[in-house]
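Each of the two complexes below includes chain A, the first together with chain B, the second together with chain C.
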Partner chain A sequence: MNYGPLIFLAAFIGLSASWFGFVLTPQIQLGRAQQATNTVNTAQLYPIARPGLAQEGLEVYKANGCFYCHSQQVGQTGTQVNFILTEIGTNPVAVAEGLLTAKVGLTNANAAGLSAGLPKTILRNVPIGDAKKAAKVTRDNGASGTVEVVAVGPDIARGWGIRRSVAADYLYDSTVMLGSQRVGPDLANVGARLPDANWHYRHLYVPRSVVKDSAMPAYSYLFKTRKIEGRPSPDALQLDEGFAPENGYEIVPTDEAKALVAYLLSLNSSTPLFEAPVTVATAPAAPAQTNSPAQ
Partner chain B sequence: MNASCSTTPSAAENDSTLRVIDASCRPPLVFLFCGAALWLVVAWAFALIAGLKFHSPNFLANCSWLTYGRVYPVSTNALLYGFAIPAGLGVGLWILARLGRTTVVQPWIIAFGAKLWHFGVFVGLVEILRGNSTGFEGLEIPKAGAILMFLGYMLIGIWSLLTLYVRTERTLSAPQWFIIAALFWFPWIFTTAHLLLTVFPVRGVTQSIIVWWFSGNLRFVWLALVGLGAIFYLTPLLMKRTLHSEYLALFTFWTIILFASWNGIPQGAPVPAWMPALSTVTTVLTLVTLLTFAVNIYRTCGNGCSTGQNPVEGKFIAFGSIAFVIAVLMSIVGLLRELNPLVSFTWFTVAQADLNVFGFFSMTMIGAILYITPRVTGFNWACSNKAKASFWLAAAGIVLYTVSLAAGGVMQGVKLNNPQIAFNEVSRASLMPLRMSTLGQLLILTASVLLLWNLVGVLVRIVKAQVNPVNANSVAAAEVKS
Partner chain C sequence: MSSPLNQPQSSPAEASQSQRRGPAVPIWLIVFLFLLLYWGALYFDANGGWFSPKIYAPYRDVEELTALQPGGGGNEFFELGKAVYNRPTCSACHQASGQGSPGQFPPLAGSEWVLEEQPGRIIRLVLYGMHGPVTVKGQQYNSSMVPWNVLSDEEVAAVITYVRQNKEWGNNASAVTPDQVKAIREKVGNRTQPFTADELMKIATNE
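After this line comes the complex of A and B, so read on.
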């Protein structure tokens, strides 16, 4: 018997299975995703499309292959729930006793100094049920406190974001460039982390003028050096000694550089979402030593 | 002609049918292989430029055409689309013709397809340098180049299948199954990716999922199908034995079809969690592919593995087989729960990818080209010493390149995972291994130049023989014509 057609059919089905799995199914699951208000606490609409100049900047980012060295996806290894006591009320003893009897993870030593230095985190890394129980106990005893949800992980600790990146963050980008390498730092939230446009211009023109020993090449072709005629341009780069052009000349960004910086500043995915919850108000600020300009 | 060339066809296969079959492959194979060799040199020249930027970030930085983000994709695309695919198509065509015991149908149409493909790659690479990349890793060549490449592929693919159709040996053997599946699978993944990414772009992160699926299928499934097909055909031929088990080879085939086609979605990607999970499980299952392949080849070689009598093309193929095993192992190890955070986003992934594309596939193809070209053209290599030198250079180069990048990648990953270490420190620490890998790139570039030199030598002799057949000094060429 000739098994040829049978083998052919089986191989065809075998290979096409992955097409159904990774091409068709994601379209069914995510292809019709819409802007939504499934944000936690804020009821803000998310995601929002980037403004026009930033959309153009995405093309510059793509054309120059920035994504070969910079990823745009933040990961987290877990979520931590804390309980913060904000007010102790009139009966600190009752609050402390209530929390101890509720067995939410408060130690006797901590219970003793409960009222000092408020607001403070009295329960760290506890199950969400315990934190909620603690909130109820404090409320019942005339005190108040909040349950805080924070993301943890090396990326978060580096200040690259306050929560992990999720599918919704990329909804309105065409050409999603998640990147696969971290030769340079992650840029998923660079707009939140480094909001100064002038810093970005200086960094693109001579990276080493703002980050010591940077391995990034200079993108000087995105800038023009021109003779100052009359008044200097308001766009001209304010460069430090040693990087500045000779007297009578100035460095101005081209339209491409302006678009690219607008795009970088628009990179911000810190809105808390149902699928990536995080408490915004008390989120830790970015540690100074990572990615920020060297001192 | 150099008498010491090891590539002389043996007396055993001086069978006139085989000679006629080989001769019919000449036009398409010469075009496919010469273009491929040229792209191989381009690929490693650009890789070297990209690598030098880690020695001095401002090297050639003032020119937008030569910025890292354009030079690097040119090198990866030239290697994958310029060298690997045309070389694979040429070797595949030759295997189909030989195993089917038939001459190639319309060889000049396939040769034209080869030209079209190479021209498409050229257009695509120039577009990338001009800043018109699609922005999808592994699929950077924009529409203009991709359409030409696709048309070229269809000419090559359809006439390769027609060659299969008219075969006189009706029973299909394992290498043919590998090649046939690859011939069908490439247009499917290539059109899917281009239609859904550049023509009618899908939304949001589903773009990335399609890129991963495409890239995984091209780099793992397609390359493994063609590469292992060639190894399963050539190893027994070189060892003058039969394949240990045809059934085991078919089992390898099925595991590639069923498991490898799901690989590629990285862990921790911002997509629904079932996708990376499924991808991880199936990639780990390709351990079966690897084991069945290794056992089959080891048993085929038997004690011949250690005799040291291996001709240079056999060395290339043996290196490719070992590199395949290591590259797949690296991808599996990199997915383990404890190790994944240490290797994702690092140079380790680059080392794995390049070991697969160059160490496994390209080395196997170079071996096959060295074996096939003298038989197809009737001209022996000008000097087999050049082939030997190119083997040692390429092997040393890819080993140095892979080892330094893999080790550097793990070091980089360990530091990335410790937020106490400032990012500047992390990138500074990976500079040393990166600079060592540049030396590897230089060695591979030299090897590629030697291969191109050899092929151009053959090309020149073919042209001379055509222009002035009386003065052609090659007896073999006259035999081919008869």
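After this line comes the complex of A and C, so read on.
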């Protein structure tokens, strides 16, 4: 048995290669990541640290094993570019002709009814170059339009987010609650999706009171049932018939439940970033009239 | 048997040597390993993003990502205007907020000069500059503005559009096209003197 040193060397090389690949390289890539202003639209800072209560809520989330059934990572399989015509201007024929000559993927049939029902998506799933060309053509002809970049993929289709998750989303999490099982829905954007704290309280107390076929266990031990003395508490849960306590009693969240809900509401990674560009739905276009002073 | 190439392989000394070297690596294995290496290189090129921390699947490289940036609600022209404004050309005096500085430089936010229905005067003002007394939002100002005819038609149109349509400043007037700027450049010709407020007021706004 003279192979001892050889086996040792092979194991050593194998393990150190993995260490370089899985530990050192990501550390070099992302180890110095900081809050930055690389959001798409504005010079907004991202990410923002959680408020203190939400930071405590992360510990409650961890302690109750929420991550066993809920992930916090949204995937994306691709990107789709659309072009939305918002205003046709005064010369719809020139706009249609311009778009047809630019060969950006507009069919004759669609070009005919261009001005009806604006704003509308006139180019769907085209290369980004074509969409930008269409934007230029419409602008040159006195119309205006928007290039829309949307993420696609099963997670996006389920409404779990508008873009994929990236490293910046987890910058302030001391334990990153990525999760690996999806017994329940992904929670990466639950604060954006379900912004109502009362909904979360009722859901944590008895999930089936708000989601009929929920498979989630009831976390009723995060709440206290107590006798109403004097006036009812403003925090008391407003439960539906069949879930409400008997008369004269109320259910109030404990500090843990409040922290957990604050944490859930802070989960929102829908800011468009350079690394995951998407167009967020903007407010409807301003009315056509101007505020020029009367002549 | 003098030629070394034709030596029979039965020489006992050579036989023992070839045994010591062990069996030769089969040629198919070498080819297979090279193919594997080639596939690995292709895979890395397609998915590695060259270790950039900004590249995540399904994106391949920075060029692709840069092209996909929606750029401020998708209105490139408005974004170009914003960029020109803050170069700093206009923002040096009129401030990034468009409020100007009291007593020195007039505001652009809510200014009747900016919001005129037709942009004839404001285009001249930007292209050729302005000096002398002027009243903006009921306040007297007396300073001078440098001409910006070094900017291209598109840049001038974009920056005026940015100023006229800046919702954050409460401005909402019509956009200006590069053609309008070009027409005024041709109409005014080779002027070196900045306009005065009185001169501009004599010009009909739609000219």
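Simple rule for what comes next: the second predicted complex is superposed on the first by the 274 of 295 C-alpha atoms of A that agree within 3 Å, B and C clash if a C-alpha of one lies under 4 Å from a C-alpha of the other, contacts with A are read in each partner's own complex, and residues count from 1 in each chain.
Throughout what follows, a residue touches a chain if its C-beta (ideal position, glycine included) is under 8 Å from a C-beta of that chain, and two chains touch if they have at least 3 such contacts.
This one's a predicted model, so the numbers in the text were calculated from it and none came from an experiment.
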Partner chain(s) touched by A:Ile228 [first = chain B, second = chain C, both, neither]: neither
First, second, both or neither for A:Arg182, with chain B first and chain C second: first
Touching partner for A:Thr146 - first (chain B), second (chain C), both, neither: second
Touched partner set for A:Thr79, first chain B, second chain C, both or neither: second
Touched partner set for A:Gln27, first chain B, second chain C, both or neither: first
Which of chain B and chain C A:Ala36 touches, first, second, both or neither: neither
Touching partner for A:Ala17 - first (chain B), second (chain C), both, neither: first
Greater residue coverage of chain A in the superposed arrangement, chain B or chain C: B
Which of chain B and chain C A:Pro272 touches, first, second, both or neither: second
First (chain B), second (chain C), both or neither touched by A:Val211: first
Those residues of chain A which chain B touches in one complex and chain C touches in the other: 29-30, 33, 77, 164, 166-167, 290-291
Complex interface listing, chain A residues touching chain B: 4, 7-8, 11-12, 14-19, 21-23, 26-27, 29-31, 33, 62-69, 71, 73, 75, 77, 154, 157-158, 164-185, 207, 211-221, 287, 289-291, 294
Touching residues (chain side chain B, partner chain A) in the complex: 53-54, 57-59, 61-64, 67-70, 72-73, 131-137, 172, 177, 180-181, 184-185, 188, 192, 196, 201-210, 212-213, 217, 221, 253-254, 257-258, 261-262, 264-266, 268-272, 275, 278-279, 341, 345-347, 349-350, 412, 416-419, 422-424, 427-428, 430-431
Chain C partner contacts - residues on chain A that touch it in the complex: 25, 28-30, 33, 40-42, 76-79, 81, 84, 128-129, 132, 135-136, 139-140, 142, 144-149, 164, 166-167, 272, 274-279, 282, 286, 290-293, 295
Chain A contact footprint on chain C (complex, rising order): 51-59, 65, 67-77, 112, 115-117, 167, 170-175, 177
